[in-house]
Amino acid sequence: MTPVKKFLISPSPHLWKGPSVSKIMYLVVLALMFPSGAAVYFFGYRALSVLGVSVGAALLTEYVCRRMRGHTFVMDGSALVTGILFGLILPPTIPLWTVAVGAIFAIAIVKEAFGGLGHNIFNPALGARAFMSVSFSLPMTTWVEPTGFGVDAVTSATPLSGLSGWQQFDPAAYQAMFLGNTAGSLGETSALAILIGGGLLLGLRVMNWRIPVIYVGVVSLLALAFGQDPLFHILAGGLMLGAFFMATDYVTSPLTNRGKMISGVFLGALTMLIRHFGGMPEGVCYSILCMNAITPLIDRYTKERPYGLVERARSAG
Amino acid sequence: MNESGVRLKKKSSPYGVKVPERKLTAQRPIERAPLPERAIISLHQNIGAASQALVRRGDRVLTGQKIGDSDKLISAPIHATISGEIAGTTMVINPATARPVEALVVASDGADEWVQLEPVENPEALSPKEILDRIREAGLVGLGGAAFPSHIKLAPPGDARIDTIILNGCECEPYATSDHRVMLECGEKVLSGLNIIRKLLSPETTYIAIEDNKEDAIEHMEDLIVAMGFKEDIKIVPLESKYPMGAERILTKLLLGREVPIAGLPLNVGVVVHNVSTTKAIHEAVVEGKPLVERVITVTGAVNSPKNLLVRFGTPLGSLIEYCGGIVGKANKVILGGPMMGFAQFDLGFPTMKGTNSVVVKEDTIVTEQCCIRCGRCIEICPMHLMPTLLAKYAKAGRYDQCKAAYVDNCFECGVCAYVCPAKIPIVQYIEMAKRELAKRAAKK
Amino acid sequence: MTHIGALVGIGLGCGLLIYLVFVKVPQKVKGLEKTEELNAILPGVNCGACGYPGCFAYAQALSQEPGLVTKAPCSMTLNDPERLEQLEKALGITLDASELGKKAVIHCSGNSEIICDYSGAMTCKGAAQLLSGYKKCPYACLGLGDCVNVCPQGAVSIDPQKNVAIVDQEKCTGCGLCVAGCPRNLIELAPAGTKIARLCNYQPLRDIPGREKCDFGCIRCRKCIKACEYEAIVWNKEKAIPEIVQEKCRLCHKCIEACEHGRLIALTKSTEQDLIPA
Amino acid sequence: MDGGAQEMNELIVIFLSMALINNFILVRYLGLCPFLGVSKELGPAVSMGIAVTFVMIIASLATWLINHYILIPFDIQYMYIIVFILVIASLVQVIELFIKKTNIALYSAFGIYLPLITTNCAVLGVTIINMMGSYTLLESLVAALGGGLGFTLVLAIMAGIREKLELADTPRAMKGAPIALITATLLGLAFFGFVGIV
Amino acid sequence: MGKFAQEFAKGLIITNPVLVLLLGLCPALAVSTSIDNALGMTLAVLIVLLGSNIIIAAMRNFVPSITRIPIFIVIIATLVTVVNLLFHAYLPDLHETLGIYLPLVVVNCIVLGRAEAFASKNPVVRSIADALGMTVGFMLALLMISLIRQMLGTGEMSVFGVHFFSLPVLSSRPVAIFILPPGGFLVIGLLLGLFKWTGVLKR
Amino acid sequence: MPAKDVFGRAFPVILLTAVVAICVSLLTYVGSITLPRIEALEVQKIQGMLSGMFPDMSRYTFEDEIYAIYSDEVRIGYAFVAVGKGYGGAINILVGLEDEATIKGITVISHTETPGLGSRITEDLFTGQFVRLSVDDAALRRDGGQIDAITGATISSRAVADAVRITAMEKVKVLEDSEEGG
């Protein structure tokens, strides 16, 4: 018999399956490579530098915060996801120092102040985006046409800012929007790249289909109800990126499937409310943040019904 | 194949998980393990009260002699599993309660001399009371894992009407094959035992539930049912192989659509579930008059030659592992029971007990728990439809009342939540913590 | 001038309305006497800072759980000696915790050997439920700090060398939360100024194979009992371990000298003043 | 008909503006004491919100009447502070006393929140806002309802979040008021989304 | 005089109304967008608190308990109205920026709290000390918050029109959130956290 | 009931009444000093804004919510307050007209727009665009007018331009009506 130095005791079960937290995060990073790739393709070095600063600042802040709390820093990939996503929802021309400020805000205030991974109430990337659009409103609303690595950028409007003008079907423009060849935040313009990345995560069951599918579905239905083109609403603006990558963030979305479906419906309704009636052309960021806020309430009222609950009432009565 | 009408359609459940199977010993016939030189026989091997020793140091005992008993209602006597001399008493830590309990040490005389057994010629002639008495005197407890005294389970309180018996041959733990082998090799005894409890309870229907990864067992049992003339009184239900199919609450739901009430028992919905090894032991106890001194245990995992062994209780783990060729490689974990629900043990001198259905040796590392990322996987698969992540969080924060309000008592600790958790949170451990704390509080009141 | 009349009228009207409801509407509800009494003591500004919706609600909660005085404090009351005194009287408690006279002591020296690896929840309760823990002694402090986590004063910490909980006697207020928090029942509230403690809690009368007590535990020689002139150490039959009767102890330290193995320990430095004359 | 629709529209605008866009807590900074004090659990938070809404409506009614039938005719609007606070304090006390004496169930459900409301900026605030905005009686009442419901909404959301945070591994220094205030920051940012919908 | 100083000092840190007792947060956040406003509010609170503490301490022996609170409220409301009118007439700009928060001093928990908790039980001189201490404590908190908010939110440092300095990058691109409502919550939240972290605050 | 008792019971109410009376009297006195000054300040403020817009103004009249501006008895223009629905709430704008069709200039009286964004409507760079502009052209370029919107604050800019144009047209109509009538 081989002598065993020290046996190990641990609670049951003694088997595990499935990805670890960091593997999940790196899968998301992998999926995000598609929209990031599109961003670099369309916006060139600007995209590269914004993403670089955002990721760097996010990781550094995470490191500092963890150490300040006396915890060890684990490279679990969640700060990486936050960094990439935060970069992807910024306009290409944003000054780099503001990107760093935003990424620090995302990690230090929105995530670590609440206790770090798993404890934050609001989506760090989106919280920081909202912070940025209030703090640096001007650069946050300056958009450029995609020019790749080439020519100097020309300021332009995003498709959504001229909402009313886009009611007729224009195949060429739609194709551009689908591929990502329009003005907008770095990662939100290419619906194709987002679909590939999101599809990957859905297929790998890393994320639950309920939120994105219902979210996009409700937006389309409401667009129809308001007499607008649903396809336009899906392709323009940050809906796809938000629905696939941000509304699905485990930490800030409801726990149960029922809760996720409710959340999807609310998200769709809020987004269209803001897009249709609101002062801002884009509603995805604020809708998701609002849903983050009421997630605890949704969780509270969508708990599973335990096995054997009804029967007790019967047998007791 | 379905000519007999005995086999029903396969059933499956959306909950639970498919655990990759490692049934290394499915095709290995049962072997008899060598008798231990010293048997350490714990006086508390069942759910309920512990037994008091009936013998003293220096007494000579025979195999099958009653050496411990209790006058508490929920208890089962303990028998000597080898013949020899009582060498003294010691303490062992009961894995189920983590408390030290007394154990008797029997030093073998190597003769394995049995007490005089009292077989009955015609079991049909026994009265229900006689049957129950024989079951109790044999020290029978459920061998499916929980070790609940069988004579209690088979004597439901006056107003309870049992209309269904389910014979549990699922064996959903991914390594265990002892029930599988018992069905293949001792199928007659299993069915005979089943028939005895059918006589006791006279149910309308009797099912045998077997997972579809044991096709040979299903066929064998099917043939036996026909051969023994049970006709369609006993039906076999093949089940999708999924953990924890074998839990009785899942079976009642899946087979009958009945949910066992929270804090209730299957008998509250008219069902009794017994394990195949238990009915085999019932046959032996009632017909052959043989007390429960041994059972089939699968010794598997990282051992040189995994085996299905017929083991006397009290045999130290170390000798079983040695008999199977010793530990392979860097394996550092010995699990009493299956890897999903079993207890890790670090002391190879620890004896096997009635509830031990397998011993699994494997290599494992220390994992650090991370924070819950609220992925919801545990909720999606919990067969009891609980909110495992919340239970763990509440327990961790010491909020046991909230655990209670979230039905922590309904959890049967199957462990699939922790199995799928990406953050590697020992959810079951937290849940158990809360249960113990709540029980402690309830006891204080 | 008329407007002054109008305004005074409003004032009078309001006053009258209150008066009418106060005097004329019959009181139907009983059983609030205690609450009313406490309510009268509280400042009545209803600031809500205590976490309750107003002083009355706080009073109601207090009447049920006096401990809230410190757990959900009303700073206006606690900073006001007069109110504080009234409140103490009404609740029948004494607040000044340093005078409360109970301190936590921990009955383990913590050196027990770790005999297997442990993986799982890093809490003492969790570890204790797995085969009674990973230490050689099944009664040893597990050092995972359940007691640290429950102590509101931050008085407990884990000694990293010995892997045992230690109590800062200065900070401890004797609330007893740690006592309930320890799954090993290692913590006891002893009178403040306790000087002698037994650093072992190994209990069973028979040994458990593989789980013998550690080399630092009490060996049951009973020499300390014999050494004590004041009968301050008695034999606890149930646990088979000596028990120190703190009230009788006069700090002669004879027991410590008698215990060859240094298994009894003086918690605080003894000075001349500490010794109560015989 | 058109005038009616216009008026309705105006009321909706007032309602939404008071409830969401210029939320009492998040934007106007009114009623922060109960916001921090009574947002630890959902039940009390909602009761508090309802009580505030109720008192806001009553106070708006009373102060509107007094403003229009006493202060304005006598040309002493500048004395509004003393009059409003007196009226509010008395009303609250009367209601509280009344409930306390007659219905203890109702009292412990929401009566206990009433005294806290007297010294709550939100109630006096809504009456002053009504007066400064020269709202009609109906508009005042709608404003009070909107303000109160917005207040309740934020309190409920906050309570949900704080219940969850109780179990979180929040840094020691941030526990309690600091993290509640930071949550309010982010909630305020989220509510920016509603800006402009009226 | 020792007692006077003691009462005065208490309000600064130990029972700082805003930072420790978390009272009167509403005005503290609403008017802390600039140092001017913070000082203006402090002035208003000073007048009202001093006035009410003096009057109430003077009256404390013959105010019956049943109408105690209404009488206090009337006195405070009167003082607030006086301040409101005076500001309107003599400091119109400040009056406008303070907006409804000036009349709301009447329900400021600090004022009524001090009246009830202190002035109604203590002689006039000590009540004056208390009022001064509380006001200075209030001012300290407000100055701290408004300094941060103004500097980051405008990039400029100027008080009552006197310009001291501008911050390099921020003056051209100020971080506007700090003068918006969420910024107020952020600053005070972080300040409280910082104080707790460094151990200045116990609670 | 003895008289003293009655007084004793009524004392709280009497005291409260007395306090109210004293307080109100005090306020009346303070009011009598400050109110005239407050009114004067209001007038001064309007006057200041008007004379800022019309440097030659010697006096003005206020009728039908329209200020008529005179220089030496010659009417040199009109002014009125327009209210726009901005991003954060109402924007009050004082609009000056040279004649019925031309804007003299605008001043933002009050607003609640976002600082650094919408609040830039108060800057000369924006308001200057309205000077000597024809009323019809007071609209954003993208709406077919002559005004450049502030980047990132289209809503605020549009609110101002639209409020100026629409209110001006209304007031001109009122003026024409009254002139016809008078």
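Couple of notes before you dig in:
Labels A, B, C, D, E and F are assigned to the chains in the order they are written; within every chain, residues are numbered from 1.
Simple rule for what comes next: a contact is a pair of C-beta atoms (placed from the backbone, for glycine too) under 8 Å apart; a residue touches a chain by one contact, two chains touch by 3 or more.
What you see is a predicted model, and the numbers here were worked out from it, not measured in a lab.
The minimal number of chain-to-chain contact steps leading from chain B to chain F is 2. The chains touching chain B as well as chain D are A, C. Ranking C-E and D-F by contacting C-beta pairs places C-E first.
Centre to centre, using the average C-alpha position, chain E and chain F are separated by 31 Å. One simple way to say how far apart two chains are is to compare their mean CA positions; for chain A and chain E this gives 41 Å.
Averaged Cα coordinates give chain B a centre that lies 70 Å from the centre of chain E.
Chain A and chain F have Cα centroids lying 45 Å from one another. Multi-chain contact residues, meaning those touching two or more other chains, occur in chain A at positions 6-11, 109, 113, 115-116, 118-119, 131, 134, 137-138, 279.
Taken residue by residue, chain C touches two or more other chains at 3, 7, 11, 14-15, 18, 22, 44-45, 47, 49, 115-121, 126, 129-131, 134, whereas all remaining positions touch fewer. Multi-chain contact residues of chain F, defined as those touching 2 or more other chains: 13, 16, 20, 23-24, 27, 31, 35, 87, 114, 116-117, 155.
According to the touch criterion at the top of this document, the contacting chain pairs are A-B, A-C, A-D, A-E, A-F, B-C, B-D, C-D, C-E, C-F, D-E, D-F, E-F.
Those residues of chain D whose C-beta lies close enough to touch chain F in the complex are 17, 22, 76, 78-79, 82, 86, 195-196.
Chain contact summary for the complex, chain D toward chain E: residues 26-33, 36, 78-82, 85-86, 89-90, 118-121, 123-125, 128-129, 132, 171-174, 176-182, 184-186, 188-189, 192.
On the chain B side of its complex with chain A, the touching residues are 17, 19-20, 174, 249, 253, 258-264, 268-269, 318, 321-322, 326-329, 331-335, 339-347, 360, 362, 364-367, 370-377, 379-380, 382-387, 389-390, 406-407, 410, 413, 415-416, 418-424, 426, 428-429, 432.
Within the complex formed with chain C, the residues of chain A that make contact are 6-11.
Against chain C, in their complex, chain F makes its touches with residues 13, 16-17, 20-21, 24-25, 28.
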